[in-house]
Amino acid sequence: MPDYLPHTDEDVAAMLEFLGLATLDELFAAVPAALRLNRELALDTGSPEPDVLARARARANRAAELICFAGAGAYDHEVPPVVRQLASRSEFVTAYTPYQPEVAQGGLQAIFEFQTMVSRLFGLPIANASLYDGASALVEAVNLAVGATGRHRVLVSAGVHPNWRAVLATFAAGTGHQLVEVPLTEGRSDWSTADSEEAGAVVVGYPNYLGCLEDLGAARAAADARGALLAVAADPVAAGILKSPGEWGADVAVGEGQPFGAPLGFGGPYLGLFACSSAHVRRLPGRLVGETVDADGTRAYVTTLRAREQDIRREKATSNVCTNQTLIALTAAVQLGWLGTAGLAEVATRCARGAQHCRAGLLALDGVEPLTGTTPTVREFALGLRVPAAVVQARLAEEGFLAGVALDQLVGEDGDGSVGAEEAPNALLVSVTERRTRTEIDRFVAAFDKALR
Amino acid sequence: MPDYLPHTDEDVAAMLEFLGLATLDELFAAVPAALRLNRELALDTGSPEPDVLARARARANRAAELICFAGAGAYDHEVPPVVRQLASRSEFVTAYTPYQPEVAQGGLQAIFEFQTMVSRLFGLPIANASLYDGASALVEAVNLAVGATGRHRVLVSAGVHPNWRAVLATFAAGTGHQLVEVPLTEGRSDWSTADSEEAGAVVVGYPNYLGCLEDLGAARAAADARGALLAVAADPVAAGILKSPGEWGADVAVGEGQPFGAPLGFGGPYLGLFACSSAHVRRLPGRLVGETVDADGTRAYVTTLRAREQDIRREKATSNVCTNQTLIALTAAVQLGWLGTAGLAEVATRCARGAQHCRAGLLALDGVEPLTGTTPTVREFALGLRVPAAVVQARLAEEGFLAGVALDQLVGEDGDGSVGAEEAPNALLVSVTERRTRTEIDRFVAAFDKALR
Amino acid sequence: MSAAGGRAASAPLVGREAEPTIFELSRPGRRSYQLPTSGFEELGPDELVPPEHQRSEPVALAEVSERDLVGHFTRLSHRQYSVDLGAYPLGSCTMKYNPKVCDAVAALSGLSDVHPAAPAELAQGWLATLTELERALCELAGMAAATLQPAAGAAGELTGLLLMRAYDEARGERRQRVIIPDSAHGTNPASVTLGGYEVTTVQSDERGCVDVGALRQVLDDDVAGMMLTNPNTLGLFEEDIVEIADAVHEVGGLMYYDGANLNAILGVVRPGDMGFDIVHLNLHKTFATPHGGGGPGAGPVAVAGHLADFLPGPRAVRLESAGPDDPPRYGWATPARSIGRVHGWHGNALVLARALAYIEVHGRDGLLRVAERAVLNANWLRRRLAGTLAVPFDRPCMHEVVFSAAPVHKRTGASAHDVAKGLIDEGFHPPTVAFPLIVDDALMVEPTETESYETLVALAEAIERVVARAERHELADAPTTTPVRRVDEARAARMLIPTFDARR
Amino acid sequence: MSAAGGRAASAPLVGREAEPTIFELSRPGRRSYQLPTSGFEELGPDELVPPEHQRSEPVALAEVSERDLVGHFTRLSHRQYSVDLGAYPLGSCTMKYNPKVCDAVAALSGLSDVHPAAPAELAQGWLATLTELERALCELAGMAAATLQPAAGAAGELTGLLLMRAYDEARGERRQRVIIPDSAHGTNPASVTLGGYEVTTVQSDERGCVDVGALRQVLDDDVAGMMLTNPNTLGLFEEDIVEIADAVHEVGGLMYYDGANLNAILGVVRPGDMGFDIVHLNLHKTFATPHGGGGPGAGPVAVAGHLADFLPGPRAVRLESAGPDDPPRYGWATPARSIGRVHGWHGNALVLARALAYIEVHGRDGLLRVAERAVLNANWLRRRLAGTLAVPFDRPCMHEVVFSAAPVHKRTGASAHDVAKGLIDEGFHPPTVAFPLIVDDALMVEPTETESYETLVALAEAIERVVARAERHELADAPTTTPVRRVDEARAARMLIPTFDARR
């Protein structure tokens, strides 16, 4: 009966005696007898660690072994041993939210550095200490915009990741926002389709989820025309070579931070990035670390503007967020520290370089068409195939490749404003990271050719 | 050209200027020009980490995937994640020998605890801070005994691991010890075969390398009769259920500490365990940590009796050992802390239980004979097979098993006092650890049966 | 000149200086990163990105050597308290020891290197993991089905409220209010607002529990439901839970269980059996996901059968097997009247895998022991410290106990906050202060089951010493042993410096 | 009552108390271990071991919960300085930053889970690793062949001396003496004794190098060889090395190269080209095996062609391939006149794998940069600190520089030892003190190539401040910021307490 509990039988006996109790069961005297479970849980009895590890190993997935050309917001980037090792230091891993700053300077300073990095990346002066993921960051961005403008109508480009739009829609049921989908034309948002009523937010991807570069100038204009804030869902890696959302005039920028050191991990834990202009700092969702001094005047860090938060503001809080993704944010700070100025630019460039090579190779094949016309893409791109994308995926898996993301998985068989019903089943989104070598890409293209036949 | 050096070009320029030098090459002005390499090294240029990791992965070995029934001093024991994690904390990993005790209390205290554990395990009051491996610990034990007695003749049981005996012989060429091999009869040392001249040491395994329990009473008597110290090479796991060398009257006990937390690692880094009676503390080889106090009277630790060591005593030192296996010793302290009193006994018992089950199963097969008669064994046992051991190994590898250690690999085709020339090629040493389940053992026996045909 | 990355003066082992930021350690031209050999000719952004989209300058990040990167973050780690260093008796937070085997599970390449959009056939192991965890959580909660998507407790709460809403709408109703007790965690009211409801607060009675009379007064058919945690945030079991649930159900409301305190009742009593309809579970509390300095966590939501159809999707499900001897197969399915997605993918998957490992190691027997020992520890401390601190609700507690330093405060001027700072110098992380809000000078202690009797004694003695120091007016300076002294929180808000760039 | 495992008061972050030993944390009946389900009935020792061999009581180890185990060793780690915390400028020790990629290589299951007696066909990857490393080391040393068995430098030295001996004997000789300079590391004379030789010490001249005249005086045909490190332990290059080697060779002696200082000359000049016959390499210094608090290391020995036949065996070798397109195959071979084994298996294999990874990451270009930067850093410090400390041998150094605090000592009473303790309070690990023995109050500084310019400046400034404190007689108390103050080393030897049990 091995477990992690330190209590010897004598301990239990002595403690019960101190409490004037005869049995452990009496500890639960307050629980009405009728409610007690009074049977064992229908779970196995405890297994020793080696058995549990063996069981977990047996749940390994074939996808883990494939050379990855899938993206759509989750990318197979290089994470070096040094980043893994630093980010897994147990002081960081087994700490709580820094309620006692005197013994939490380590985590606080790391997050302060993270905020600085995100702020610089997105070109906006304020960044918070993380949100759950890109989708939740977008939800908070829209909430901020609606709160700031008092307008519930929200224009959402169909180029925003379909899952994120789905999450937006789910939560809009509570907040009552009215979401208006703005469809894509040749992979770019067509703002002319939306009516010109006032709105609280205009939301657009950069690049959008199909990999296309949106015209953020047009998006800014669409927002201005409607009195809305502009919220940009930016790919943080592509941001390494693209004009920043801030420079384009965004009020809020959000992103999925997974590419900065988090493993693919079947979708989580990931990292919601959130930055905004100074005007909105008091509406900021989530935690914010600020610099201050200690009693001796030494530089110190602490979570600040706490009056926005739920534990103080309760039903009037800017958001309900409490536990968040701090460790992943810290990991991102380490990973961005490792990449540095040149490294981030190099990663972004390499992704683009590989993607362009791959795209050219695939488009030269019989039975492959571009799905977004000639609109420029950066690190991923959408294709229309002669055969269903799922079939190509299955065939390429046999050859050792994860071929990309089948778009009907994201938009459904009926498609949406980004991909039409006719295109959806045969549409594939392909992504290339800096880990993909030229040889791998060339082999992939050759295997793809075979798979189409 | 990525590397780990922080120097920017400006740094190099500024530093050279400060030194009044024009080029880096001038730093090497003291090197006679004729000696300079003046060509590039015939090595590849540097490769980025991911490439190097990929290359290392490509050097993976088939043996790593096999279910391990090999032992002979290197065992496939359970090492839990908690031990790996603690022992790989970078403070322990990237420290030097504790020359400055004020900033090395962590490592020092861990080694003090290690020494205590080894002392208790072997039943002797003094244990050092580690030696390279079991073989080198044995060399040091013999050196100590010879030094203490002034007698160079050393009786070495053929039941001592053949590789260790080989190492003893190699170093005896320098120290001039005369090694006398004492052969085994039915797996036990036959002291009657050795002449009764005075000797410095009597060396015996417990259990010996063929897994047999030696009569340490007889060994003690053999030592006493010759005025020798008794040095016991003990299996530290079996020691968990066996009478300790100290209790048997050993003057020195040594062992291979690999089973306490070190991976198989193709033979290293392992851990030489060394314990002795108080009489010999000033002849102790290697480092010793002692408890003391600091200037405030607080408990503190420091390496002590340093006057034995080479950096002070130079040619008169008790040994030449300097860098040693500290991290592996620390790992052993963590692993033994994890096992605790009950755990070590349980591991030893489980090994014995599995080995007995396996032995019975194999002996029931056609074409398998015991190699050591009816002498009791604990965790491993030697068999004579109908076919060459190498053939059985190869066949069982196909079935997913590492079948054991072929004894001709250790003793050579011609055998030695432990295994005769006729037996050697067909002799196999099989070992069972607590990691082997009954099902695995039963499958192994079945596959073994097939392999013999 | 930038700061010296090789100077350890900020490591508490050898100094007390401030650690420079990574930006101060930076020197243009230094680098750590190394990328794989790609085999590509070196096209730059000019060839890859249209000019109007190009960044004019690279993002200015820190430029450090790998050595300085390691020195910096290692030193930062030495400036951070953690469970692995010592007890962390933060009430409501369940800072137990997290078995390292769970780290090992989460690090397995076969799990961690899987793309979330991989076709189900290539991710069977993950789908099996999710369905098994869902089953275990439902059994523990006494519920029928669950979503594993919510990334934390608060996300679970909001999901639960949207389920209420969907249920309401399916009934053709449009209820407006959700009831929560005044002792509730701040996420509850915040979530209620985001769920589109109004908060109605119900007072606690003098026993620290929901005042059933007061509750009845606010119940009507505009009430969509009630959120409750049981044991509540005072560590007390709501003994009238059946009456409460019945009353809420009578007006057509749903009962929502905030599972942050599930640790106390594992295998003893189940939310479903208490009458709850919706339950969120804080896996990062009960199921030993290390808290990571503030996450990641996971907040699955389990529901009774009548709500299963509304759950977020897609959910991993076990498919009908072709034959009885065929291995189990798994796929995705979205419930018929699903409220939709609440996470970008499938939730914090690696956290979910950890939780399953934790459940498997403990098993039904071990989980029950967890609850027993957690409650035993808290009660021992309650009794032991009853003479030192006030115990506002002096009756047996569950897994945590709320003390009040108010009498000490009045007597000595030292608040709960001061006591907390004093405790740091004793080598303990302080308990939660200032929560729950309904107790003055609250000190909320949750020892958890993984702390030993000896640690409880040492903690109690430390608190006694600190209170004695308070009597001697010695706490104003505390802490004195930490790398920084008391931190000026007010200044941080007044003179906001949220990034390094804001310092200038 | 045993100590409290959850109290962090010994962690420098929150306290300054002593950390209890694990034995003091122990409580009978607690446990951490978990073993796999075996499927065996529970036979005990009685059924498994004959009575006369049975232990009467189990080995009394500590009994702690996993939580206390983790707390204890995590707190101990916070009481330990390391490269990852800051600079570690210990002369002769080459405490450089060790790339984490090498840890990752050593942790690969395909390497670390291989039994050393596995048949060669099942261990081809390992044999390839060993042969590739041997080739690289031979190229770096300018040698023909190598053994990878020696587990550290000293083991390599003894191996080298036994090679000398075997070579002698093969020539039918029986030489008795080996020459070492007075600046040699202590392992050299100790190894000479163990090799069965007598030590003849040769003085250094006023330039800090071997006095060639004095050397010639002790050379005769009883000299088996000479051990030398170049650069020597003063960090100086022995410029007369050709003359020295020739002189030794003339009397029929062999030249032995102590490779602990190879870091200085990687790719610049090779021991083989200097006239050495035998070379040991300290992989844990030059090739970035982290030092582990005192090992494990590795001390391969490379030799010139005429000694290859004597090398220890077995050695991994590349076999003739069947056909030109066949993949390479590897096996074991023992040299014809091998001195025999010097390690229980094949040496510290995982350390060897790390070293190969280090060599591969750096490559020929990177290794040369290592040497250049190491020498640049040391010279910069030498020049910068020349006004603060004495420089006994004031000429360009190689990768390390020996200062003398003797003038400071004389002036202020503060010895090199005191200066070292003062430096700790500045946030730096001190340099090596009291070595080499031929310099009074030696402070031997080896910054290594991985420390930055900024760190060198900070180190220099710190030393200047410490010397200033010496002038003010403020060092007697140092260090003051550490968890323990100055440790009483004399008492440890006088009142020996080598185990917890000796305390009673």
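Labels A, B, C and D are assigned to the chains in the order they are written; within every chain, residues are numbered from 1.
Keep in mind that, in the parts below, contacts are C-beta pairs under 8 Å (C-beta built on N, C-alpha and C of every residue); 3 or more make two chains touch, one makes a residue touch a chain.
These figures come from a predicted structure and were not determined experimentally.
**Q** Among the chain pairs B-D, A-D or A-C, which one reproduces the interface of B-C, with more than half of its contact pairs identical by residue number?
**A** The same interface as B-C is formed by A-D.
**Q** Would you say B-D or A-D is joined by more C-beta pairs in contact?
**A** Greater number of contacting C-beta pairs: B-D.
**Q** Using CA atom averages as chain centres, what separation in Å is found between subunit A and subunit D?
**A** 46
**Q** Using Cα averages as centroids, what's the distance between subunit A and subunit C in whole Å?
**A** So the centroids are 19 Å from each other.
**Q** Could you tell me the distance, in whole angstrom, between the mean C-alpha positions of subunit A and subunit B?
**A** 48
**Q** Which parts of subunit A, given as residue numbers and ranges, touch two or more other chains?
**A** 4-6, 11, 47-50, 53, 78, 80-82, 85, 90, 103, 435
**Q** Residue numbers in subunit D touching 2 or more other chains?
**A** Counting only residues that touch two or more other chains, subunit D contributes 5, 13-14, 27-28, 30-31, 33-37, 64-68, 70, 74-75, 78-82, 84-85, 97, 99-101, 103-104, 361, 424, 429, 450-452, 479, 482-483.
**Q** Over in the complex, which subunit C residues touch subunit D? Could you list them?
**A** 1-17, 27, 30, 34, 65-68, 70-71, 74-75, 78-82, 84-87, 97, 99-100, 361, 424-429, 450-452, 454-455, 457-459, 462, 479, 481-483
**Q** Going by the contact rule at the top, pick out the subunit A residues touching subunit B in the complex.
**A** For subunit A paired with subunit B, touching residues are 49-50, 53, 78, 80-81, 85, 90, 435.
**Q** Touching residues of subunit D toward subunit A in the complex: what are they?
**A** Touch residues, subunit D against subunit A: 5, 13-14, 27-31, 33-37, 64-68, 70, 74, 99-101, 103-104.
**Q** In the complex formed with subunit D, which residues of subunit A make contact?
**A** 2, 4-6, 8-11, 47-51, 54, 80-82, 85, 90, 103
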